[in-house]
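Paired with chain B in one complex and with chain C in the other, chain A is shared by the two complexes that follow.
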Partner chain A sequence: MLAAEPGVTRILTGGTDVMVQMRAGLAAPALVVDVKHLTGLRAITPEAGGYRIGAAVPGAVMGEHAGLRALWPGVVEGVELIGSTQVQGRATMAGNLCNGSPAADAVPGLVAADAVVRIMGVDGARDCPVIDIPAGPGRTTLAKGDIVTSIFLPARPARSGDAYLRFTPRSEMDIAVVSAAVSLTLGADGAVTAARVALGAVAPTVLLVDEAAQAIIGTRLDDAALAALAAACSAACRPIDDKRGTVAFRTQVAGVLARRAASIARDRAHSAGDAA
Partner chain B sequence: MKTIQVSTTINGDATEFLCGPDESLLDVLRNRLGLTGVKEGCGTGDCGACSVTLDGRLVCSCLVLGAEAEGAQIGTVEGLAQGDRLHPLQQSFIDHAALQCGICTPGILVAAKALLDRNPDPTDTELRYWLAGNLCRCTGYDKIIHAVQAAARTMRETADAQG
Partner chain C sequence: MPRDNNDTRVFKVVGTRPPRPDGIDKVTGRAMYGADVTAPGMLSAQILRSPHAHARIVAIDTAAAAALPGVKAIVTAADFMAQDDAGLDDILVNCMARDVVLYDGHAVAAVAATTPAIARAALKLIDVTYEALPHVTDVDAAMRPDAPVVQAGRANESVPAGMSPNVTHHCEFGHGDVDAGFAAADVIVERSFTTAATHQGYIEPHACLATFTGEDKADLWCCTQGQYNVRTVCAALMGMEASQLRVTASEIGGGFGGKTTVFIEPVALALSRKAGRPVKIVMSRDEVFRATGPTVSSSIDVRIGMTRDGRITAGEAVLRYSGGAFPCGTVDMGAQSAFAAYDMPAVRTLGWNALTNRPKEAAYRAPGAPMAIYAVESVVDELCQTLALDPLDVRLKNAARKGTLSSYGPTFDDIGLVATLEAAKAHPHYHAPLGPGQGRGLSAGFWFNFGGNTCVSLNINTDGTVGVTEGNPDIGGSRAAISQMAAEELGLPYEKIRTIVADTASLGHNDVTDGSRVTFAVGLATIKAAQDAVAKMCARAAAIWGIDPDAVEWVDGAAQPCGPNAGKFPPMSLAEIAAVSFQTGGPIAGHHEFNADGAGVSFGVHLVDVEVDRETGATKVLRYTVFQDAGKAVHPSYVEGQMQGGAVQGIGWALNEEYIYGEDGRLQNPGFLDYRIPVASDLPNIDTVILEIPNPGHPYGVRGVGETPIVPPLAALSNAVSRAIGLRLNRLPMSPPRILAALSGS
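Right, the complex of A and B next:
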């Protein structure tokens, strides 16, 4: 149906971007398809030690899921930062990703988590790493007719943790000027054995910063390692200059947030290890 | 443009309406069903004046399509009072002078009720975060917080008395 419509189309999950764009005249779709009622789209399902989150699951439902919060606290905190209570009742992680904003709050956490997006296209279902979806501000690599049906958050080893932080001028109801997500795993000796670091709002798309991960792998996140992580993050930034933040500010704060997120992720990894 | 027929339940009453495919639930409630307690502020989900519950979840009705109400349970401020008896939140807003112009009030009442239904004894911080999506340009919020906390106390006492 979507692929056959020659005009502009929009898939609708929470509608918190679509409705605003329609009202502002930014989008005048000839066809809007509400996918919330497709089977399984509203469910959070345990799978292979991780969770499959249906594309129509709103933020509030993720926030109320104790098992999901325990396994991927950083992903959930990114999702929960989206808008107000009212917006949380509607907004989905899939919509956040597919809307294509470089400042989308759910996306860095998903990239750090190496989440996998399941897409139903005209030729059938396929899986795709989250990092391959964003293509630029307001653009994705999805083809017309592609519907994201779920996002899979994998199982993780013992002693793993993740965290997401953003900088906004106000504490609520604002759009990230810079954001950072870190996911890591510690060995029995407390040294980092695996890490992924993602930055939001500092480039046309979310960035996965390999150099930043390499800077902390093998360390116990001592000051020197954290400083190297921050430097690698700042070096990766290609931000815009606007009234919300200058290039210099975004570049510096990206490093600061990544450093703080890494420390929180480490503390969570320790407590996850204690609980296990 | 074709119209869509929708069957829904509003404040407990089965309701049917016709709406355009791009018509918001806010416009349906106000213009087609006469439920003008639902206010339009920004129309972009920022101010919360149009807050209603949709299957028990607090939402901005300006960000919901009328067609999405099919089969759903909608709650508006009109459903708060029982006949002539105001809901404790409504009474408390009057007693504490927690409103001036009143445009934000219906949305805040619906939002506050949604919180107290889940958490009868919220902290001020929990309450302020919950209401962060309800803007008020008159009161400075303090009286709103006092009014909700006073209503929450009354509601807890009533619940205890009923054991």
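Right, the complex of A and C next:
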């Protein structure tokens, strides 16, 4: 149906972007398909030690899922930053990703988690890493007729933790001027064995900063390692000057947030290890 | 006016906190706001707005839009009569551009159609040919002699020759020998400041419904702070007699000064006259930002001299304001209020207004004062730091008091500044320890307050209840305060009074709800109207008893013979007199109409603690206390609400709020996402301390309280942030990128 419509189409899950864009005259789709009642789209299902999250699961439901919170606290905190209590009852992680905003709050956490998107296309189902979905502001690599059905958050080793931080001038009801997510695993000796670092709102799409991850792998996140992480993040930024922030601001604060997120992720990894 | 032995009077209702009469309707959604009125056969109108900051309108082709089925009327400037009065003509041109668009969002045409969707579709069919003109949006740039000219020939006689044609207005205030004053100073600090234009941020967008019921007879419902002003302006613009235009004010979802003029009402009237049907206009948030009236933007130089022991010897300020694309006198109020808190031997303030390609300024609580006092209070704070003096001691040492020749001319009567400063000094907040990265700032603030034209009727109902009819939209709980004052004067319980806001046909003229005037002036008229009714009730009782009216007094809600010689009769209550009123001469009502004088000036002091994240430039407001002289707080909760609301709006102004214009002169943030007013989680509880230094001009001592609270926050925040980071900031807003840039030395 979506593929056959010649005009502009929109899939709708929570509708917190779609409806707003239509009201503001930014989008005038000829066809809107609400997919949230499709079977399975509203379930969080354990799978292979991780969780498969249906595309229509709203933020509030993720926030109340103790297992998910324990395994991927940074992903959940990114989702929970979206909007207000009212918005949380509707807004989904899939919508956040597919809306294509470089400032989307759920996306850096998903990229740091190396989450995988399951897509139902005209030719059947396929899986795709989250990092490959965004294509630029308001654009994705999804084809017309592609429906995201779920997002898979994998299992992770003991002593792992993740965290997401965003900078907004207001404490809520705001949009990230710059954001950072860090996911890491510690060895028994407390040194970082694996890490992924992602930045939001500093480039046309979310950035996965490998240099930043390399800067902390093998370290115990001492001050020098954290400074190297911050420097690598700042170096990776390709931001713009706009009404929300300057290039200098975004570049500098990206490093600060990554450093702070790494410290939180480390603390979480320690307590995850203690609990295990 | 003499006070009724105010200091000893024991109030029964005034000073208590009864529930507001409009509260339940508002929280249950029953209150009727501007957009809630409908009429049979009503059309919906939409306004086409300029995408250019400045352009000549070469042609407007409305043929295709007019041909769209469902379109019933289209108006452009050609449908309005130019006005002889320059002020009225500016209002008109602001509602509908004539020949030239002067700012991004300026209205160029409007369509009324059977549905909003058709009206929107019709806008897309209107073809406007523009010829772009150079634009200027910055006040300092606009004052340069070679600046793009917004409007030529608008300067008044106060402007010297040779300045940019954008400069429309100049003013000067002060007294004493300023040069001698600076010569006597041990330290002189001179700084320049800028503040961004900010919007009042009321939640309810402008909305109205207009309907012509004959060629020259119309009704208008609208969301406004002053239905009489709307009538005066619209009747003139439409060429109607005032009696034939009845204006009814809806409940109002915030105004703060921004609803003291008209933007859409003349357009709705013109469309309704043309279509012969009722026409409704409801602005979108985008339109509210682009095309209603924000504050002035400003650029200010301040120079102050001080002796080593903290005496101010002289002060000077040059204020450059822009009220957008039309002449604007707001700088007068800035120049008058800048140094009002100080007793100064020598002071001089110079004000300039310059045109820019921005929307026409509208009032915003204490218009013109916050930015002027921000600049002065910042320099005073820097002097205190330089001389290692306590900032409250320095303000106390120099404080204006009774008998002070004010910086703007008059000599002050009883004022509460010293008491307010002393209350701040005695408060635990001032002595609480600060943590690392934290700073404490304070500022004094001032506003003139206003009285103005007021007309009130007070009707005694036969069942012993009372209706008060007044003409000022209630934006801060004034119906409650007015009912309280009527109850106090009549000796009735508060619940027996109902106060309503009448339409323009029901009362004589009432000035707009502005200038913090309503509780003062309408309250005073209500007291007088109640006294009028009391005199009539005493006369009725006297007639029943067969005694002289002078021998009757009003005590605790009843007439009674006064003194042993008057005769022995049991008291007659208001209800008893009202019940027999048809037999004693007919209905009983009290009236009062006057141009109220004697609104006492008001001072406030704000104290704030902040913490600045040096790595991100983010400021967190940790603690905030407002000290203000209310004269007499009629309803203390609503006084506190005014104090808290002003502080919060000022916090937004200081930290994040600003009109951001691009190189193209277009407004980049016409919405609440990027125009950042604070949300609840950004704020600590705002603590309040009400002082009551009675206003000699009111029988209960009331002073207006609505505007002063927005004056001190700008400097209080700036002083707190500057002390927290160890660097002086001189530009508002102090958004995180600006603070971080200052800390990085760039």
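In this text, the second predicted complex is superposed on the first by the 276 of 276 C-alpha atoms of A that agree within 3 Å, B and C clash if a C-alpha of one lies under 4 Å from a C-alpha of the other, contacts with A are read in each partner's own complex, and residues count from 1 in each chain.
Throughout what follows, a contact is a pair of C-beta atoms (placed from the backbone, for glycine too) under 8 Å apart; a residue touches a chain by one contact, two chains touch by 3 or more.
What you are looking at is a predicted structure, and each value in this text was computed from that prediction instead of being measured.
A.B. asks: Name the contact category of A:V256: first (chain B only), second (chain C only), both, or neither.
C.D. replies: Second partner only.
A.B. asks: Considering only the touch criterion stated at the top, classify A:M173 as touching first (chain B), second (chain C), both, or neither.
C.D. replies: In the superposition, A:M173 touches chain B and chain C alike.
A.B. asks: Examine A:Q86 and indicate which partner it touches, taking first as chain B and second as chain C; both and neither are also allowed.
C.D. replies: Touch status of A:Q86: first partner only.
A.B. asks: Going by the contact rule set out at the top, does A:T193 touch chain B (first), chain C (second), both, or neither?
C.D. replies: A:T193 sits against neither chain B nor chain C.
A.B. asks: Classify the contacts of A:Q214 with the two partner chains as first (chain B alone), second (chain C alone), both, or neither.
C.D. replies: After superposing on A, A:Q214 lies clear of both chain B and chain C.
A.B. asks: Do chain B and chain C touch any of the same residues on chain A, and if so, which?
C.D. replies: 172-173
A.B. asks: If we count contacts the way the header does, which residues on chain B are in touch with chain A in the complex?
C.D. replies: The touching residues are 21-22, 24, 43-46, 48, 51, 54, 57-60, 62-65, 67-68, 111, 114-115, 129-134.
A.B. asks: Looking at the complex, which residues from chain C come into contact with chain A?
C.D. replies: 120, 615-618, 655-656, 660, 668-669, 673-674, 676, 678-679, 681-682, 735-737, 740-741, 744, 746
A.B. asks: Flag every residue of chain A that touches chain C in the complex, lowest number first.
C.D. replies: 25, 167, 169-175, 177, 242-246, 248-249, 252-253, 256-257
A.B. asks: Looking at the complex, which residues from chain A come into contact with chain B?
C.D. replies: Listed in rising order, the residues are 12, 14-16, 19-20, 22-24, 32, 34, 36, 58, 60, 83-87, 89-90, 172-173.
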